[in-house]
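Below are two complexes that have chain A in common, paired first with chain B and then with chain C.
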Partner chain A sequence: MRFFRSRLSPPILLLMPAFVIIVLVVAVPLLFSLYTSFTGYRLVKPDSLWQWVGLRNYQRLLSDVDFWWAFGRTLVFLTVALNLELVLGLGIALLIDKLTAGQRVIRTIMMFPMMFSPILVGFQFKYIFNDNVGLVNNAIQSLGWENVTIPWLVNPITANLAILMAEVWMSTPIFAILLLAGLMAMPRDPIEAAKVDGCNPWQVFRHITLPYLMPFVYIAMAIRSLDVARAYDMVKIMTNGGPAGRTELLWTLIARTGYQDARMGMANAMSYASILLSVYFTVYFFRKLAAARRTMGGVE
Partner chain B sequence: MERSWQRWLIRFGVFIVMAIICVPGLWIVMTAFRDNVEVMARPPVWIPERWTLDNFRAILGLSDSQQGIPVIRYFMNSVIISVTSTVLAVLIGMMGGYAFARYRFKGKNVAFLWLMLSRTVPGISLSLPVFMIWSRVGLIDTDFGVILVYLALNIPFTIWLIDGFFRQIPLSLSEAAQVDGCTRWQAFWKIEFPLAKSGIASAGIFAFLTSWNEFALASQLTRTTASKTLPVGLMDFTAQFTVDWTGMCAMAVIIIVPALILTFIVQKHLIAGLTFGGVKG
Partner chain C sequence: MRFMRGIQAALFSCAALGALTAVASAEDAANWGSFPGYTLKVKLIGGTQYEKLYTRIPEWEKATGAKVEIVSSKNHFELDREIKQDIATGAITWCVGSNHTSFAPQYGDIYVDLKTLIPQATLDEFVPGTLASSMVDGRLVQLPRVTDVSNLYYLKDLYENADNKAKYKEKFGTELAPPTTYDELKQQVIFFANPPNLYGTAFAGKDEGMTGRFMEIVRANGGDMFDENWKPIFNSKAGVDALQWFIDIYNAKAVPAGTVNYTWDDIGQAFAAGTLAVDLDWPGFAAFYNDPAKSKVAGNVGFALSPLGTAGKRGGWSGSHSFSVTEACDNKPAAASLITFLTDYDSEMLEARAGNLPTRTKAFTDVVEEFKKSDTPYMAEMFAVWEKSLADARTPPLVPQWIEVSNVIWPELQAAIVGQKTAQEALDTAAKKATQIMEDAGVLQ
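Take a look at the complex of A and B:
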């Protein structure tokens, strides 16, 4: 005990359990998966774990059309989803801020989608967009087009839109709640002063409200970027990458390659691409958040 | 005159937004209490004509007509896994958050960055090596194996949140207590812990929700009723070409209700937690 006291400072001792667990569950497995990505490991052939193939998995990946489609689709999906969530969230926050009563109740309702499991959100929209029993087709038929059954999740374009909608439904409220919290905490004096000086509402929004909200935008983005891969759950249950791989995202492709085709080496090579993508998003938003906090000072 | 016109427009807009948020969930809840025949009915039946608990009886294995899915087992697994990993993550998060907020040490920023980066690894990417290692050391399909992974998922975020809360408590408070004869340990429990309580509570809720709702890792690391959680069990209802809609909706209700109750109890702390105490809820 005395040895530990003298060698290890309190913060190191306090952080020890956290780091032991992260090393055990994240760092060691990721090193192992890095090694595996240089082998031709297949789940059905345990011996192949020792079969070193160098960069072959990565070389194949670079020329793999399916991989690039999934990668590109993931990138587009994330960009569109995050921007849409931000714009819609901002709109909703501004709208609710203008309400004179009932803000608390509405904020509580908006927490609803946050509690949903992504797999549940996926199931919910799978049900709603189902061609036979879905809410959307039921509504269309009730409006008079009785013979119309649109196969939302079978058509590649509408299937992608349905997945996007599930993602936006789930995450927009987080943006709205955080931005609303920002709006409510905003001092009113600068706005009044700007109005007295003759600014129109757009100018007030553009030069006073929006800059003030930026740290909140980045908090929301940073929280969101930690968990971008949860779209996997939704795609898994809604379309499982189909029809014909047209809704395949990087993450579903990894699962298919690793578990279904049992090509673990290849899947691990792919998962490094997905990890780099996530790290890029996270570092980008955390940097922005830190910068915004520095310039804003007091908001924290 | 124009102002009241505007006000109604705003109310209408808010109403539409709330409808979009609520209708999908309500549709699931209604189907859970619906007769199976009504789901397929043409023309569609909007409001169930006869509310029934049959779907719940069926999935709990209480009716003779249909083989039940071991929902109660899944529920128990979910509770054990989520509660254990939440309690441990909050304890470890408090220690870590306190270390980051109150001490200066070498490599602090680097340590924090790596901690956060460990959280960004997509679940499915992490599941590949964890699956390979866990199956070699016999942790596949055990509660312990899942709890360990969820701890690693939850620790970075709890440390991040709790660190933010401790930082807002002026150092002078606990220093004053120490001058008056408290040890640092006593000062923590008497001064800093009570002040950071709402942050710790929200960290706990987020940890619980993450564990309760997680699917990507659990779907690979669990196999049987020994450790399958509710989100994984939801997939039991989908066969290749058929989906048991009413059963799945009943299951969905079972998954969402505990999360809902818990969140409403502590919702005041949630917003303060998300904005790191910068804004009161």
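Take a look at the complex of A and C:
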């Protein structure tokens, strides 16, 4: 104890517990999984943890066309889903912000989709888009196109769109609620001043509201880009990456490899390749966040 | 000499009869042991159809003085994941686990050989083939609870319709009757299909369901998944013909296009909604299909044996839900007692009355009699058909790599079915990946 007091400054001492916890909870598992990605580790054979295979898992990944297709598809899915959720969430937040009565009720109703587990959302949308007994095809047939049966979850475009729709339905409220918090915290004076100066609503939104909201946007984007893998359960239920890998995302591929096939070494190699994605998105959004805060005169 | 042989046979018959009576009476006065104060930790498969049996657990607790603590109750895929995590972390702190013949080979030696814990006389009461399928590397690692094998369900009114009969005869020159071969089945599902109101059939198009159905037809065509050295051989002519069967009915729109994403529940719902003419499916659906509250086709369902392939054989893809006892268990006799109790005659009758195929020979015959007496010939007829098919029942290859191999096969089957690849290309790709898996595992040199 005397050693710590004499050698370490009080700030370091005070931060020590946090460092220790982060090392134990984050760094150790990360290093362990990085190590296993260089082994032939199989869940059902604990001894295989010591079976060093060097770069073999990564070499196999490099030549694995299915993996790179899943990687590319995940990248597109993330980009489209996050942007779509942002636009819709912003629209909803702006509309709710305008409400003068019943705002609390609407806010609560808006959060309903967030309360569903992704598995339930998966079953719900699988049923909606079922080509035989599904709601969408039944609606189309009831409208007079009696012989029209669209295989929503089979066609490569509609299947990915269906999954995207389920994801957007489930997660848009997160954007809406974060952006609504930003809108509610926003000072009204600049807006009123702009209106007095003759700005039209679009100009007010473009030059005052939006720049003010940008830090909230990037925080929401950063959180969602990391949290979007929650959609795994939903995709697993709706298509499990099929048919023929048409909706395969990194999450379904990694989970199947790691758990069903029990090839945890290979699954971790896949995860490390995909971590690059998460790191890229996080760095990108945090840099944008810092820039936005600078624009607003905030402190970095 | 012949006279002596006759006496010998008569004596042997009497002895056998005596032995059977002894076994039956042993069962009547079953002693489940005494384990007062002991808490047995179990991980059981969850879900409505499986949990009814667990209502018997308090009876066992009362008889033995032990308590059963269900530490996990999940669907089989989640349970499988959890068990693998337990193996990885060395945290097998439970005694009894639900198992399945398809999953069991993966778990290595975490489960005990039940032949060392359960008397042979008790094991002799199980259906021999079902018990044999529960062995892995010569060890009885699980005690089967219910068996699954598929046969045909069909809508009777379609087959009895005079117009259908006339058109079918005119088109094919034969009488319209439930199919006996896969070629006939293909012909009939295409004949009946009138999408989107009626499809000929649907098949499980993803996961092990897809691989299993494919395997069934490969075997019926005289092929197999592996040769005796574990080399994948499903890209043979038998395999290509099997896959072509799926492609043909898919292209003819005799199945819903979405069938490549269907699992058992989707197919069950579609047949119960009256949108499928024929359904090759598991016995557990029989009661559901005939329940007017849940099914539009109640009272209109017929049964037929699963079709024969080009080799004149039935594929008979089969599997059993089961219970296992862990090596790490600190009270194996208690665990063995519980799983024997959960698969005893009364438990098996409970399963059978719900429409599941029991694993005890006596329960099989008794439940049919019971259904006949209680004026439910539908279920009696179902059991009669399913019992016949048990002779051809065969599990998937009992090798730890089966699920992994299945996971490289079904996406390729899907690719061929939706027209991205030819049957041969898809199977060659799958066989190449499967070969790599078997080589990596050191099973195939």
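Structural remarks
To be clear about the criterion, the second predicted complex is superposed on the first by the 226 of 300 C-alpha atoms of A that agree within 3 Å, B and C clash if a C-alpha of one lies under 4 Å from a C-alpha of the other, contacts with A are read in each partner's own complex, and residues count from 1 in each chain.
The working rule: contacts are C-beta pairs under 8 Å (C-beta built on N, C-alpha and C of every residue); 3 or more make two chains touch, one makes a residue touch a chain.
Just so it is clear, the model here is predicted, and its values are computed rather than measured.
Of the two partner chains, chain B and chain C are each touched by A:141. Once chain A of one complex is fitted onto chain A of the other, the partner contacts of A:133 extend to both chain B and chain C. Number of chain A residues touched is higher for B, counting chain B against chain C. In the overlay built on the shared chain, the residue A:118 is in contact with chain B alone; chain C does not reach it. By the document's definition of touching, both partners, chain B and chain C, reach A:264. When the two structures are aligned on the shared chain, A:52 is found in touch with neither chain B nor chain C. Shared interface residues of chain A, touching chain B in one complex and chain C in the other, are 126, 132-133, 141, 146, 259, 264. For chain B in complex with chain A, the residues that touch the partner chain are 7, 10-11, 13-14, 17-18, 20-25, 27-28, 31, 39-40, 42-44, 46, 92-93, 95-96, 98-100, 102-103, 105, 108, 111, 115-126, 128-130, 132-133, 148-149, 151-152, 155-157, 159, 164, 168, 209, 212-216, 220, 231, 234-235, 238, 243, 245, 248-249, 252, 255-256, 259-260, 263-264, 267, 270-271, 274-281. Across the complex, chain B is touched by residues 9-12, 14-15, 17-19, 21-22, 24-30, 32-33, 36, 92, 95-96, 98-100, 106-120, 123-128, 132-133, 135, 138, 141-142, 146, 169, 173-174, 177-178, 181-182, 184-185, 216, 219, 223, 225-226, 228-230, 232-233, 236-237, 251, 254-255, 258-259, 264, 267-268, 271-272, 274-275, 278-279, 281-283, 286, 299-300 of chain A.
Across the interface of their complex, chain A is touched by residues 77, 80-81, 84-85, 87-88, 90, 106-108, 195-196, 199, 202, 205-207, 256-258, 260-261, 266, 269-270, 273, 275, 400, 403-404, 407, 410-412, 414-415, 417-418, 420, 440 of chain C. By the touch criterion stated above, chain A contacts chain C in their complex at residues 40, 43-46, 126, 130-133, 137, 141, 146-149, 151-154, 238-245, 256, 259-264.
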